[in-house]
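We call the chains A, B and C, going by the order they appear; numbering starts again at 1 in every chain.
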Amino acid sequence: MNTYNPIYALLLFFVISFLGYLLFRPRKGWFWLIKNNLKSNEKIVIEDVLKHLYHSENSGKEDNVNALTRALKFKDSIIVDVIKKMAINELIQFDGDILKLTNSGRDYALRIVRVHRLWEKYLAEKTGYDKKEWHEMAESKEHELSNEETNLLATQLGNPIYDPHGDPIPTNTGKMADVHGEFLSSLGVNTVGKIVHIEDEPDVIYKQILAENIHIGSQIRVVENNNQRVVFYAEGEEFKLAPIVAANITVAVLEKDEVVEENIVRLSNLKDGEIAHILGISKESRGDNRRRLLDLGFVRGTEICIDLMSPMKDPIAYLVKGTSIALRRDQASKILIKKD
Amino acid sequence: MVNKVNSACDMCTHFNAKGLKKLGVNTNNYDFVVALAGNPNTGKSTVFNALTGLRQHTGNWPGKTVVRAEGAFEYNSKKFKLIDLPGTYSLLSTSQDEEVARNFILFGKPDVTVIVVDASRLERNLNLVLQILEITDKAVLCLNLMDEAKRNNIKIDIRTLARDLGIPVVPTSARYSQGISDLIHTINEVANGEIICKPHQIKNVPKNIETAVRTLSTEIKKQFPTIPNSRWIAFRLLEGDTHIVDALKTGELV
Amino acid sequence: MSKNSIENIIALSSDLRWKIGDDFHDGLAEGIYADASEIANGSISIDNETPRFRLDSKIDKIVTSKTWGFPIMFLILGVILWLTIIGANYPSSMLANLLLDNIHPVLKSFATNIGMPWWLDGFLIDGVYLAVAWVIAVMLPPMAIFFPMFTLLEDFGYLPRVAFNLDYMFKKSGAHGKQALTMSMGFGCNAAGVVATRIIDSPRERLIAIITNNFSLCNGRWPTQILIATIFIGAVVPASFSAFASLSAVIGVAILGLFFMFFTSWALTKTVLKGEVSTFNLELPPYRPPRFWKTVYTSLIDRTIIVLWRAILFAAPAGAVIWLISNIYIGNESVATWTINSLDGFGFLLGMNGVILLAYIVAIPANEIVIPTILMLTVMASGIVGGAGAGVMFELDSVTATGDILRAGGWTLLTAINLMLFSLLHNPCSTTIYTIYKETKSAKWTTVASILPVIMGFVITFLVTQIWRLF
């Protein structure tokens, strides 16, 4: 029986496992790519065109067919075909060579936006997916949900007003809350404000913002703003960003009398022996995590101090309402306190 | 199996020790259903064991109750079926344990709900107590671990607490079987309607929420006049609890 | 009640909720706590400010300290495992002596006396009875030692501190610190370890703990590891080192198990479990002196007896199957011989043989009967003199004699190493699989938990074998 060469056996094994990897690796595996390709049909192209036009019009930009073919990832011929059909169905109209949404086109686009943002909210609240993945997952889900499913989803989520990035979610009648604010890059030194929106596109910049651990809802104070960098304080920590990155963060400027609390610090900054009071939980803590923290008594006004440090300094056990509760560092960084 | 309870209360006139039989797991033909709720790590299972004479394992671990345990005891020839709910910090979240506890108190409509709390961590435990009192008005507070509270020099004014909560409060140290007979007696009185509770309603809810809850619960009362806990239903509807929506549709709550 | 009025209520609640905004839950939770705090302040008075019992925080400072935290932990776990493995030897051999060497022959002669047909006597006494007796003899003593000790620690309140100390390491692989405890429990019994995952209240981390519990060598597998290591690994070094070498090999396999546990946890969080909700919270309860006898009693009843009972239920049919496959003939060969021959090729690729694979298939109900089954099948397949007859499992008191049989069956050092690896990396026993299903209520996760380790076992033994044969 001992007549085979182990080298061949090993080679065969590695070839098979490599093929398996190519086929089934997450997202970029051939199997998934082929599966996704089979799904992309006219409906998706129409909806993507509508959404693109909607966002362009909202930011005051104008699009022609060329701009559309550049912006969307589909074949040019398909896009041109679809645009013709959409014009016939009165979803869009031509103003010279500029493309505009009709009223029914805008309604349709709003519905897509609603599904997209609701789905991001759903991913944030009810699943464990990482922030980095929300956008891409919502991009495919927005073409799949029916109207009833969307409304059911909204009810389960408690009819949210904003999505996790701070964008308003349209209601099923098209109502939408406003976002007031200015780009962080345009704020003067010493301006105090609250981060209300973090843009999730383009991906490269969004990932940079996430890496900095900047939280939506944080109160900030700008300390430096020039061509090289924007520096600001938030929750007891200093952040430095390139202006181009800062432009993707929207801040609602607070008037002097609106400034609720100075000296907001993250719980992760609390040192052994210090006593503090909880001011609240950051908007970045979501879903079950947030609820559990509230249930455990991490609510506004509660006194808190360090009870025990683990050998690695993470997690740390805090004494809250008479009980010692251990939290990990990333959880503690989302609880805001004021040191006594 | 007849276990005699040895405590000072055996001597009291109002506790009828001869009327007590611990029935273990024999839960047939009961007259009353008693639910046992409480935070994790408050000695809830110890109370359960003390009441039923069972010896379920009780670890010093948050969330140790392994299965939804059932047991029974007989007092003054009435049979009580006891259900040990999972220990939870709250009833507002979505975890499986909380759902089990919440649904049992709401849909199972127990005749009495015994809420076991840790006397030395009263404030934290009241969070759950106040939520339960929104659902049911037949409840007894079992102030357990009194021995630890005493060691930590914590004194609790039982009368004030009972008045503020609107339900009877019984101090116990279940590990040492202290106060259990008193607890049984009180459970019996609440079950028979000899004690009528007027449970506390949550007051400090932010104004915008309070108004919404009031509007909604008035509407619910108008449509379903027999629902006893319209305020809690309103809380849950606002939370988006689809289970409650279904229950309204099937008429389970009336 | 009319459907319309319900729809009205739901519509009203949707509308109201939108107006309240996203802070509903926060506002409610804060409101309830504000009430709680008012009521508590109204009725509590503290004589002098001693918020936590002083002895508690002294103990805590030591058991979670940088210097002492880990040594204390490993010392305690080490002592428990040592006491379990060493301490169980004596009662185990007593039970084996009683059930296998004394009662079994008595039953056999009784059967002969009343004229029971050979097949019924073989099926019942050599099949069912032997398997059950084996499981009791090997499983009961270690569990009866391990569980009470572990439960005492649990009741005292030390275990949450272990989770606290180790969480940092587990977090790196996407798991929960409490998994350290369910794993330790798994050293006693994987089924009990799976049940213990109930202490983990985060869905994702709990699934991870359930799926990876099998990587803790359970007490049904320790004896196999020790026996094989003593026979084969101890033999390659000078006699004075042999005890040390075989012990290190066994510990090495256990540590390898930890490595696979961390690796699998990490891989699971990156792939199939990515979307599951993950939360963390860990309450450190005050220490409470355990009530010794009560704890011992309840842990024996709750854990030991229940697990043992389940194991017996599964072992009995396994014993029957083992006897049947060795005694039912297709043509000239028994079913067992036929299966061994057809599995031999695949077994050879993995550096093992058909006997081992067949033993692991029929011994799915209980790891305890793997060695007796292997011995019986080896004797049967290779036609060596020895053993107790077709379908009758046996074990030998002498390690050397056992080694001789295995060597005669064609075993080498490579076979031994692969068997040790495969004993670590194979499907959980049927008791555990059943428990996983009961805990997860999901056929999908039960399948993953059952298949994943076998595939890993195949891959690892395959690679080890090919690399071994290269040189």
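By our rule, a residue touches a chain if its C-beta (ideal position, glycine included) is under 8 Å from a C-beta of that chain, and two chains touch if they have at least 3 such contacts.
Remember, it's a predicted structure, so these values are computed and weren't measured experimentally.
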{"item": "Two chains sharing the most C-beta contacts", "value": "B-C"}
{"item": "Far-end chain from chain B, centres as C-alpha averages", "value": "A"}
{"item": "Approximate Å spacing (C-alpha centroids) for the pair chain B, chain C", "value": "37"}
{"item": "Between chain C and chain A, distance of the C-alpha-averaged centres to the nearest whole Å", "value": "41"}
{"item": "Sequence positions of chain B contacting 2 or more other chains", "value": "90, 92, 95, 123-124, 127, 238-240, 245"}
{"item": "Multi-chain contact sites of chain C, meaning residues that touch two or more partners", "value": "10, 17, 21, 24-25, 29-30, 33-34, 51-52, 283"}
{"item": "For chain A, residues that touch 2 or more chains besides their own", "value": "155, 158-159, 288, 291-292, 294-297, 322-323"}
{"item": "Residues of chain A defined as touching chain C within the complex", "value": "1-2, 6-7, 9-10, 13, 26, 126-130, 154-155, 158-162, 171, 280-281, 287-297, 299-302, 307-312, 314-315, 317, 319, 322-328, 331"}
{"item": "For the chain A and chain B complex, residues of the former touching the latter", "value": "152, 155-159, 288, 291-292, 294-297, 320-323"}
{"item": "Footprint of chain B on chain C - complex, ascending", "value": "1, 3, 5-6, 8-10, 12-13, 16-17, 19-21, 23-25, 27-48, 50-53, 151, 154-157, 159-160, 195, 198-199, 201, 283, 285-288, 290-291, 294, 297-299, 301-303"}
{"item": "Residues of chain C defined as touching chain A within the complex", "value": "10, 14, 17-18, 21-22, 24-26, 29-30, 33-34, 51-52, 57, 60-61, 64-66, 69-70, 164-165, 167-169, 171, 177, 204, 270-271, 273-284, 344-345, 348-349, 462-463, 465-467, 469-470"}
{"item": "Residue ranges of chain B touching chain A (in the complex, touch as defined)", "value": "89-90, 92-95, 120-121, 123-124, 127, 238-240, 242, 245"}
